[in-house]
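What follows is a pair of complexes built around subunit A, which joins subunit B in one and subunit C in the other.
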Partner chain A sequence: MKKNMLIPLFLFLVFYLLSFVINDTIRLDLIGKNQAPSLSHLFGTDWLGRDMLLRTLKGIQLSITLGIVTALLSTCLGLLLSLLATFNPLFDKLVAWLIDLFLSLPHLVTLILISFVLGGGFKGVVIGLMLTHWPAITRVLRAELLQLQTMPYVQISKQLGKGFWWRARHHFLPHLFPQLMVGFTLIFPHAILHEASITFLGFGLSAEQPAIGIILSESMQYLSSGMWWLAFFPGLTLLMMIILFQCFAKAFKHYLERDRSYGHYFNG
Partner chain B sequence: MVKKFSFMLLVILIVILASCSDKPTPETNAESNEDQLTLAIGGEPDDGFDPTTGWGRYGSPLFQSTLLTQDSEMEMTYDLATDYHVSEDGLTWTLTLREDVQFSDGEPLTATDVKFTYEKAKQAQSIVDLANQERVETEGDYQVTFHLSQPQSTFVYTLQRLGIVPEHAYDENYAENPVGSGPYQLVEWRKGEQLIVEKNPHYYGNEFEFEQLTFLFAGEDQAIAAAKAGQVDVLSVPITMADQEIKGMKQISLQSVDNRGVMLPYPEPTTNEEGEQVGNDVTSDPAIRKALNYAVDREAIVDGVLNGEGTVAYSSADGLPWGNSDTTIEDADQERAEQILTDAGWQRGEDDFFEKDGQKASITLYYPSGDQMRQSLSLVFADMINQFGMEVTTEGVSWSEMEREMHANPVMMGWGSHDPIEIYSLYHSSMQGIDYYNANYYHNEQVDHYLDQAIHARTEDEAYEYWKLAQWDGETGINTLGDAPWVWLVNLNHIYYINETIEIGDQKVQPHGHGWPITDFITEWQVVE
Partner chain C sequence: MAVAIIKKLLRLVLLLFAVSLLTFLLVSMSPVDPVRAYIGADMLLVSPEQRELIEAYWGLDQPLITQYLQWISSILSGDFGTSLIHRVPVIEVIVDRFFSSILLIALAWFMSGTLGVVLGSIAAMKKGTWIDRFVNGYCYLLLSTPGFWLGLLLLMVFSVWLGIFPTGLSAPIGITASEVTFGDRLYHAILPALTLSIIGVANVCLHTREKMLDVLQTPYILQARANGYAGIRLFMRHGLRNMLLPAISVHFASFGELFGGAIIAEQVFSYPGLGQAVVDAGLQGDMPLFLAIVLISALFVFVGNWLADILYLVIDPRLRKGGSRS
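Let's turn to the complex of A and B:
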């Protein structure tokens, strides 16, 4: 079980950290432009002679950073809203209504709308992704909390005069932690793919940033002249990264959800 | 898990195989119908086909005809007019019209239509600038006199570009239902899709070959695909796609003044009346502007970015009769650039970038993010200058954002017109901050003086002299030897694929705008076997 979890995570981190080694500016080389993949340029070069491998790694770095930030923010937002829902029945109704509202709208459309209104760029994309990815996790957390509320030990705490935030910190949070982790790992790949797609559509990051979405939309213009490697490898790399993380997330979920009550039998 | 991966592999394999397969070869080419042409040259006019609001300023107005026109050598010739005469003081222009001209609806074209057109265009206050035109008078049916408030040598270019509209058929829907005396008349315009035109039966000019033209307004990829399937006779492609082989079509690459360059803010930082930032600490130093001009390797940009489909540019009017050939410099000379900077007191700092009094030679170059050519040029320019020793960061922004930045930061711009008034617009101090003209707030008294004289010159030759003097008079001027407010980089060639059986003859040096200008001599196109 542990192996299933750690190998993808390790590979994922290696890719991510590798991209930090690369210098910020990728050299232009007009003589060596439009080269198909070869040993010296594994992913080929683009129309200005930039090495596509380096550009892809840079793009992956940006995507992952963005994914982590937005997944974290969405999870926090989800937690906050679900706690708010337990506070008082009126808030609960409000949160439930908000969840329904956001789930009923197509994801990408809402995302484009929010990002466009905020003027695009890193900020626009992050806020857009944050505001569109919270409902699923909030719903899970809310259900979990509703159940927790009725638990005898929570009720006893309440009768003993412990305040809401005390209960939240000592009873709810420890219980919700696995859910939060799983929610985070599940939102993360989702956010990255959505970032790439709205950037590709031109509503996301600006053309300056070395994002995968930018690389893909730029290379569209060159596909018809046969330069398939411009889109193929960056796309494939993004896919591989997502799959790696997904594997990790699945294994991690299994690990957290294992039945702890028998744990001491195995551990002796 | 294993199942998932094997599925993935399958998908990858399919993609690889698909990309290996050969492109389908088109069976046939050329139209079955010999006297019809299909053109995919892009550039659907958003505002329709009304010359008084700007239609036809590049290429031919197609539906209308102009008083004068230009031949492929850019010499002035007659079209609707048979004769023109300018008074001694340059204020009165008298033109005699042909008497056999009819609009496509059969009505005759007379001096009142000319008067109507010019007054309408002045009223519209659009891109056609007629502010200097005081009044228009007609004398009889076939003589028209323009009274100008000041002598204006460039008025002759307005006469060459403004198509005449019929007074009797002009209403608010004219732009969509143009009636004119040009070689073709409109059959159908489906916005966003296609424009179909057919021969005007009343056309007064020489017989010409093609009965019907269809203009397709498709995206680049679609247009190329249609051409490969043999459905298009004339196709315009961007330089980045110029390396294709299309069966049954030949490639022609037309030289142009469709230039690209970096506009450098000229004054010291300040604000203008609207409170916008104007000027730049670094580029206000003439040494920086000159050094940029010398350090950049234009030849390498033409080869590298344009694949050789272009020419190096040293001014905004290279190769035009009013261009000054003294503007040429020996570029890619980093030693000389370094010398210029050292003489002006710039020193290399620790990071190898130049500094002066604590000011680092660092600029941000803005470009419109949707334009891949300008993006490539900007990135390459930045790379070259970074290597030389000035820090250039590039930033792709929207046009509206660029309008905010362009007074205070270098921007990648493009111009290129068949009317020398462009030089006036770009460099005269009275044009500072008007639209995109003179957005870098260039100002030089002597240049202003020459430009005024050029505008008010009485003859074309005299005007040419002053246009050239404004660029470089031996001591000062607009060009690189003088104030160097721009780093002109390249002129883009315009690339077309044309059906092998069609001969389009000689073309002018092409202006800004890739597409419509090729229709300029469409009445002289021929089918050859």
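Let's turn to the complex of A and C:
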């Protein structure tokens, strides 16, 4: 059981850290441009002779960092809002309504809207992803908290005059911790995929950053001239990384298995 | 029934109102200057006085609330404004694009729905065999695949190498719009629709499999098996209806994802639909078009969920009699 969980995580972290170790700057090499994959350039080179393997690794690094930051932020936002919802019935209605509102637009449209408003870039993408991924986890946490509030020990603690934040810290948080972890691991791959999509569309990170979405959208111009490696390998690497993480997340979820309420995450 | 419909419509109006207000406020906060976006490169020729006149003409000097009220009231009277990139009324752009998008989305939706339910049922009926493992693996693989990358791969293989399908657009190049047949449109929509449906299968398939496994655990299935039913007959008589509900609700609820997927697929295949329009509008600051498409996408998602609710009633007779949802 633990093996299933740790091996993908280990591989995932190795790839991630590898991209930090290789601090080789990506050089232009106009003589060796447009080369198909070979032993010296495993992923081939692009139209400026840059090594695609290095570019891909850098892109993956950026994607993962972004994914971690946004997954963390939206988990925190979800926690905050669900706690707020239990604070009093009016807030509860408000939060439920906000969830409905955010789920009423397609994720990608909301993302485009927010990135558009914030003018794109790293900040725009992070805030956009944060604001589109919180509803799923908030819904789960809110349901959990509603149930938790009726528990005898929480009621007793309330009667004993403990304040809301005391109860939140001593009763709610320890109970919600596994949910938060699972929520985080489930949001993370989504955030990465959405980041790549939005960057691909041109609303996300700016063109000089080596994001996977940028690499792929640039490669589109060269596809018709048969340079398949420009699109194939970066995408494949991203896919591999996400699969590794999904394997970990799946095993991790089984490990913490509480109920089946996590199903929502796979919908959006 | 009538009360339920009126309630739903009321919710829709409220929702669209909230979405419109929110998007309007967000867009008006954006760094894009509407005057500059409209005039473009000729901005240098416009003096500050002329600029003020333009702003006054458009009502940009008025408070936000007034602007919003004017915008919403003209939308209610059917006037969505003029698109800045296309220089025609927004409504024309949308009607034009809507058909292409709907064709694409409908194709993808039917393909992924049928395939998902079939694959999911087979996997559940053959639980534990290699078929089940294969279907499961396929679904998890697809859940991790970036949609635009899959589109690029299909484009490379089918259009560039094999040359079977066109590389883009929704009609052949070099003929007038009146000569384009439905067949042409369908032919151009196949590859983007394939991209969308390959990805879309995973969700439906996993849900179907899960629910089918639940159904197979129930006493009535045990009874049916004891009566000698097995395989396809058992599935048709006892399995299908019972597992269809969650699959349908998931598939209708995926309208939002589908719309998002369509944006990406349209961009990859340069297919002129709503998705491409919203990307262009966003990148070039064409706010009337942008706002209109945001509203339409909200409407689209809402209709999807609503249809799912109605289909529940059609499929499950227990719900029609006022019972609670199982």
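Couple of notes before you dig in:
Rule of thumb we're sticking to: the second predicted complex is superposed on the first by the 256 of 268 C-alpha atoms of A that agree within 3 Å, B and C clash if a C-alpha of one lies under 4 Å from a C-alpha of the other, contacts with A are read in each partner's own complex, and residues count from 1 in each chain.
Just so we're on the same page, contacts are C-beta pairs under 8 Å (C-beta built on N, C-alpha and C of every residue); 3 or more make two chains touch, one makes a residue touch a chain.
This is a predicted model, so every value here is computed, not measured.
By the touch criterion stated above, A:221 is placed in contact with subunit B alone, subunit C being left untouched.
Between subunit B and subunit C, more residues of subunit A are touched by C. By the touch criterion defined above, A:232 reaches both subunit B and subunit C.
In the superposition on chain A, A:108 makes contact with subunit C only, while subunit B stays out of contact range.
In the superposition on chain A, A:206 makes contact with subunit B only, not with subunit C. When both complexes are overlaid on chain A, the residue A:88 reaches neither subunit B nor subunit C. In the overlay built on the shared chain, the residue A:196 is in contact with subunit C alone; subunit B does not reach it.
When the two complexes are overlaid on their common chain A, residue A:243 makes contact with subunit B and with subunit C alike.
Once both structures are placed on chain A, subunit A residues 224, 228, 232, 243 are touched by subunit B and, in the other complex, by subunit C.
Only residues 1, 8, 12, 15, 19, 220-221, 224-225, 240-241, 243-244, 300, 303-305, 369, 372, 375-376, 379-380, 383, 386, 394-397 of subunit B touch subunit A when the two sit together in their complex. Every residue of subunit C that touches subunit A in the complex is listed here, in rising order: 15, 18-19, 22-23, 26-27, 29-32, 140-141, 143-149, 152-153, 155-156, 160, 167, 203, 206, 210, 250, 253-257, 259-260, 263-264, 267-268, 278-279, 282-283, 290, 293-294, 297-298, 300-302. Contacts from subunit A toward subunit C in the complex involve residues 100-101, 103-109, 112-119, 189, 193, 196-197, 200-203, 212-213, 216, 219-220, 223-224, 226, 228, 231-232, 235, 238-239, 242-243, 246, 250, 263, 266-268. Residues of subunit A touching subunit B in their complex: 25, 27-28, 30-31, 33, 47-49, 206-208, 218, 221-222, 224-225, 228, 232, 236, 243, 247.
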